[in-house]
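Shared chain: subunit A. Partners: subunit B in the first complex, subunit C in the second.
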Partner chain A sequence: MTTQRTSGRRKQAMAAAAVVAALLTTAACGGGKDSDGSKNGAAGFDAANNKVAQASLAKKGGTLRFGGAQDADSWDTTRGYYGFAWNFMRYYSRQLVTNKTEPGKEGAKLTPDLATGLAKVSDGGKTYTYTLRDGITWEDGKPITSKDIKYGIERVWAQDVLSGGPTYLKDFLDPDGKYQGPYKDKAADHLGLKAIDTPDDKTIVFHLPKANADFEEVLALTSASPVRQDQDTKSKYSLHPFSSGPYKFESYNPGKDLTLVRNTNWKQSSDPVRKAYPDKITIKFFSNANDLDQRLINGDIDLDINQTGMSPQGRTAALKQHKANLDNPVSGYIRYAVFPQSVKPFDNIHCRNAVIYGADHVSLQTARGGPVAGGDIGTNMLPPSVPGSEGQKYDPFELAGANKTGNAAKAKEELKACGQPNGFKTTIAVRNNKPVEVATAQSLQASLKKIGITADIDQYDGSQTTGIIGSPSNVKKKGYGVIIMGWGPDFPTVQGFGLPLWDSKYILQSGNNNYALIKDKAIDGLFNDYVNTLDEAKKTQIATQINHKVMEGGYYLPFVFEKFINWRGDRLANVYTTDAYSGQYDFVNLGLKSAK
Partner chain B sequence: MTAPLHEPTAEAAPSAAEEAAVVSADAKAVQGRSLGRIAWERLKRDKLALTGGVVVLVLIVIALLAPVITNLVGQDPDAYHENLIDPLFGTPTGSLGGISGDHLLGIEPVNGRDIFARILYGAQISLLVGFLSAVVAVILGTVLGILAGFFGGWVDSAISRVMDGLLAFPQLLFIIALVSVMPNEMLGLSGTGVRVFVMILVIGFFGWPYIGRVVRGQTLSLREREYVEAARSLGAGRFYILFKELLPNLVAPIIVYTTMMIPTNILTEAALSFLGVGVKPPTASWGQMLSNAIDYYDSDPMYMVVPGVAIFITVLAFNLFGDGVRDALDPKGSR
Partner chain C sequence: MLAYLIRRLFAAVVMLVVIILVVFSIFFLVPKWAGVDIATSFVGKQADPAAVQAVREKLGLGDPIYIQVWDFFKGIFAGRTYAAGGDVTHCAAPCFGYSFRSEQAVWPVLTDRFPVTLGLALGAAVLWLVFGVAAGVLSALKRGSLWDRSAMVVALAGVSLPIYFTGLLSLAIFAFGLKWIDAQYVPLGQSFTGWLGGMILPWVTLAFLYAAMYARITRATMLEVLGEDYIRTARAKGLREQTVIGKHAMRSTMTPILTMLGMDLGALIGGAILTETTFSLPGLGQAVLNAIRNQDLPIILGVTLITSLAVLLANLVVDVLYAVIDPRVRLA
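Our next item is the complex of A and B:
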């Protein structure tokens, strides 16, 4: 795994070098914008992908300008679920532990933040104890206490008021839902949650009813940030979260703009993680993605807050003229088709395999945007950013190898084994608001036609995902034999990625994500082993095993290990992508080359 | 040549009745020309309309022969040609959207399907929906319009209010809502079949008041004419008068409105496909091609130009032809 990683990096470095050379030649003859670009010193193609670009050029001061086509679902640390929002929240919130501010894989590891060190784990993985650092303060200068952290975590229980965020903390600490949440708490201090002890202001102890190997990962999510009771404005908290980090809210107009300014009460000495280079951070929201891309290219804004990659229009322009400003990271998402076993004939593994073999994987990759903007052909169901993943090395169906463009002969064999030698009819369900997904559906439809499978494409309202494909009874009723979807990890472990997709306990009547309706005792058992394992190497091994089991079941046809094209403005320094946030730039330590 | 051919037609062909009522029988005998013939003479002189008509004919032939023509050039509208696509940008490698000897109008970005073949097949959908929805509208509009005009009273009020209501109804929104709740299979149709059927019905249904109003107006003025009185005094039944006396005299305005309605329907179909509620992929449709082309207007403008031009030419041809037909059938029209 490591060697593959290195060789991948070496290839990227070579590619980057080649691109820089090409760029210099074009700049020499072309002049114009390109020569401007190099004067401003863009670091080069993929210069910040899994490595740090221009760290030494970062200066204190200046205004860092984000732009976005989509506002966060909520800036309340308890409620946000967008990856970019979690990334941005580190500017104004701190956690007991957080992800390292380092590029690539290293960034997925944890480091102490408010706590003096990582957890002291005892009682067979059921008790986690932290001691708080000195000098940690709120934006009004008052110290952050262990009770503030407990209160912030308790807010996750108040799903009736503060819905939307991840609920892992609740699932791990109080799986039976005994606690009512701080707003219904009868205790005078509203700190009635039994699973967390705060013996003094500097100590916090977590008692898990059942060990979970990823508990500390969950504490690193921004939903475990402290919140001070007297500053909790409940559902209005998202308009002005009370800062524990180096920046605080100055103004926020939802859907329009957001401005952060320095929190003068934050002390660098108390924070080993955050560098806090710029003086001011702004986000401006645009209604049109093409407009946003144009402004990025013009240099009016420095980077895209959404971090989902440029749209086809801007991407083409940028790749042609400003390649040195681009990075091409792996997003951590896998794009795939999944076969609900409730829809005949997909209850039969051979019919599922027939589709996997029959599909033209290069065509699907092209539909996703090609090897650069779409990603490498997906060969299994564990994203490269998750420990235990083997990337393209594990390819049981030879999707990136011999069967790259589809293997009709093999598919026909499987159809025969399934008892459908002449093929069958089915329906592909795809979100109507994602042109790229519709394109992949069409590609799949075209290649399935060749092996006698007639697929009808049903484009459903993309905003209604939970009720349409998230409802197994509706899936069965509509006969959705193939569902086209994508999934990324909430936190980079097999549990954070695969539990809702593959564990039989997660088959829900609404909002289901186990679309294939996998009920495999072996997989459930492996997840159970995983949460009880504290040894990292063992955990990685189990992750690999789970991935193999899922692939052997033929439930999924992976399309790509998604990559995207991300814009890095000329003014930015100390830029790097991190696996903690699915290949996004790590916002919290971005700097500017000039304080102007 | 005149007499033996003409005499039975004067008796039997009611299509000449209107002209006959206005022009005296003597003049008719002297000219020896039916209304259709007069109109045709006029139309022949209108070069613009004739060109439109020819284009329309060619389009119909192309649509009917789409499978044959695409076979001749050796292209399948659904076949992917990804080897001709630049993997980095997803656009065709060749210039002008990949136009070449094999691909006469270039290829689609991302999947490389032949645009020429898809335009031909797209013509099938456009014309099918355009014509059939016009037929639905004409049948409904004529029957209801004639009833309203002839019977008057509460029948007229009821039908007229329904027409007012339908004209005010947001039909695009309605069809978008309707299509999303439509089952995948119905009446033995599935997928694209259902969508086409629904589009024809809905566009036709919302189009009939336009014809209905005209027919009603014409009927109102015609029912007081002497020949109607004459038929009535001879004891003719209502329905005889309606369909044997009045209807033949309404043929001219109906034809005119039909030719004007078809291009509007084609545009509506394109708009619906553009909005994603038209035919289902992989069936080709011009509106859908336009909608896909939005993402590539910069990098592959030809992809937008080709279906745009196809829609433009079709609608223009129908409009020119329709104008010509109107002038020919109704020289008194205000133009």
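Our next item is the complex of A and C:
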């Protein structure tokens, strides 16, 4: 291993990077100007944002080519936690229910997949019953049974072998952790989880110890996919998952490439969700994000699998010359600063409010990339994609209004009220592998200096986030008064977004996400009401109330409702963004305009 | 000569063991001292305590460091079995560890990526040796001429420009601007011309940096050698200039060049991170960069060891060649 002989030339490097950026921009300008819409057949700027672009042009056949700078954490349906991986897994895995293949908010709604209909809910919301469709098969042609689904779900309990994925199913069905998982199951068929019954191969019944209004949302996660026992290779399943969907694994080289080909045993008649347009789907992983963007612009690949937006250089070139190929969706993520109450003086709400008022929100937005590439100024903590969100209409601190460049007078009032009229010293913790977050921390540091708050920036090892800021004792020891983070919903509800962040039950000694250490009985009570409410309108109302309570506590300083600039290749048809996957393109029904 | 070889081999083995111990300490002891639980970096967003405990068991993180080191050494020769929670993973010898991120043994990952890096390093080395040494010799022989000045200006540029600058520049011009070269890596077994197309820019970019350094060093050494008494004597004896330069001067000039080549080649075989990243070449450098991003310690450890081994071997070869060139070394 070598870093070659280039160290110690920071200034030179910065100058060099600027020249390269300019050159790359120039080189990228070789293509035709198509910002008005269509020289190369692109549908136009934002044409696929919350609406379908060029649906009628999709043809059967061809190879759909993804590129990416980051491989999935795991392609095992039980273990994956990256949003793009869940989106991609629908190519080779099916669930009882899944998200609708429709743009925007409609895509966040559920539709039957392996099941004939949505759940028959009984027993006060504690029993969910599904009947399976006819003709559903594995990649070897054998039928998918209710027992396969139960076994697939049971794998979530085997956290000692299959770590990494979401554990909502375990929390909802067996909160006391009585079941040990299929690998330690003494039953002959390894199907000992009492909360799930499979009276026959076509019927599956879930018994929840306590009602939860989002249970069906959790069944739509890929961790509820069927897995066949004789094909379960345990920890190595991620290298070749056994397909229940229209495509199957042909080859996978971690960090290099992945190829899916048609699963010839999948029947279109058994699947009302997937259109399965291309014959083949490939992913190539790049280590250089600029190279990846250039390949997108050149047409060598069709879209970025990571769906986290183009790099600054690629974005500049694309916005200038290929605007018709771009979409600018809201990502579903909120970027924010959070104040751990264990670190003084952030145990005092007035000190927290002082930081909120003292920050320059336009400057924070600029550090995140500006209104187009960064997002709209965040005014509260519920993402616009989650039901109950009021977007920028709810702005209790007037962060996008009168106070958008900071309100020093109000901040100083708050400092007085918290007994720190001359300000105080604190530390901002920020991941060292996220340059945009570091820039945000620097912007916040500069704003706070103006009101007498001296903030040091600690750039910690970003890959160790769980162990460093996920440990409340470590946060207190290090004196992290402000933590820069971001969060998106696991499923588009207030529970899927906010439960781990705001409910006191989720304060953990390791892997904690309730960084503010919120112990508010009112918030806990509202979450309790939410899970017991089956009426959608009432659920939405509670979500709004929870958001208000969180903001009233002054635990968070939201930066932006994040937005991305994503590339849509000229060859693509039937393209749309969906709230089901935080503003990503819905991969599963992407088509190509030509089979070549 | 044999005794010399044995001495050098023994020193290389000792050095390798020391490197393993140091690397192990950095990866497994330093985080412990810093209060970071390595196991948490292997589990996901919802860190289940059972998962964290299983990782500790599987990787033996709870064992004393000397047991962990012993298990690692044993794995290289006898293979190793990792077991936790009813899942048993066997890593066949030579087992350089197992990546629980990508669920792959480290050794196959290294052997899969090694040919890419080797191809990059060797191809670039041929270019920089041919052009660097030739430019250096010519500059020394035509000292002060236009050629000398021009060559040294180009060499200065090569030494000064970072590889990600020249790399991105060459991609911007030749691959994306003029579209002369596709510059996408294609395995050699798949297509020779495709492989050549994918490697040409990385070779030239990497060779540009090294050729510049070799040209400057060759020139300086050659100038020094040309001032030696024995060169004057050779010329006084009436030897042809070609013989004086080619046989006598070059032999002395090549000694430091050979030493440098050994170290550079060894280091590059461990992965040219910047070049592989810039050109998205799936070699060891890219593997280690991904591993660093994902905190995949076994892969980082494996690549570090391969790099160390490559540097040690390259130095061993250089030492032997050195002894061939200069007999006094054998007696040292």
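Please note the rule applied: the second predicted complex is superposed on the first by the 558 of 596 C-alpha atoms of A that agree within 3 Å, B and C clash if a C-alpha of one lies under 4 Å from a C-alpha of the other, contacts with A are read in each partner's own complex, and residues count from 1 in each chain.
In the analysis below, a residue touches a chain if its C-beta (ideal position, glycine included) is under 8 Å from a C-beta of that chain, and two chains touch if they have at least 3 such contacts.
Quantities reported herein were computed from a predicted structural model and do not represent experimental measurements.
Q: By the touch definition at the top of the document, which applies to A:349: first (subunit B), second (subunit C), both, or neither?
A: neither
Q: On the A-aligned overlay, A:73 touches which partner chain: subunit B = first, subunit C = second, or both, or neither?
A: A:73: touches subunit C, not subunit B.
Q: Please work out whether A:118 is in contact with subunit B alone, subunit C alone, both, or neither, and reply first, second, both or neither.
A: neither
Q: According to the stated criteria, A:159 is in contact with first (subunit B), second (subunit C), both, or neither; which is it?
A: A:159 contacts subunit C only, not subunit B.
Q: Which partner, once the models are overlaid, touches more of subunit A's residues, subunit C or subunit B?
A: The partner that reaches more residues of subunit A in the superposed model: C.
Q: Where on subunit A do subunit B and subunit C both make contact?
A: Touching subunit B and subunit C on subunit A: residues 461.
Q: For the complex, which residues does subunit A have touching subunit B?
A: Residues in contact with subunit B: 311-313, 315-317, 319, 360, 362-363, 366-367, 369-373, 427, 432, 435, 438-439, 441-443, 445-446, 449, 456-459, 461, 478-479.
Q: Touching residues of subunit C toward subunit A in the complex: what are they?
A: Within the complex, subunit C contacts subunit A at residues 31, 35-38, 40-55, 84-87, 89, 100-104, 112, 160-165, 168-169, 171-173, 175-177, 184, 209, 213, 267-268, 270-280, 282, 284-290, 292-295, 303-304, 307.
Q: What does subunit B use to touch subunit A in their complex?
A: Going by the criterion above, the answer is residues 78-80, 82, 85, 87-91, 110-111, 180, 184, 190-191, 276, 280-282, 292, 295-299.
Q: Which part of subunit A faces subunit C closely enough to touch in the complex?
A: Within the complex, subunit A touches subunit C at residues 1-6, 9, 12-13, 16-17, 19-20, 23-24, 26-28, 30, 70-71, 73, 79, 81, 158-161, 163-167, 181, 183-184, 234-236, 238-239, 253-256, 286-288, 290-292, 294-295, 297-298, 300, 433, 461, 463-464, 466-468, 470, 474, 477, 500, 508, 510-511, 513.
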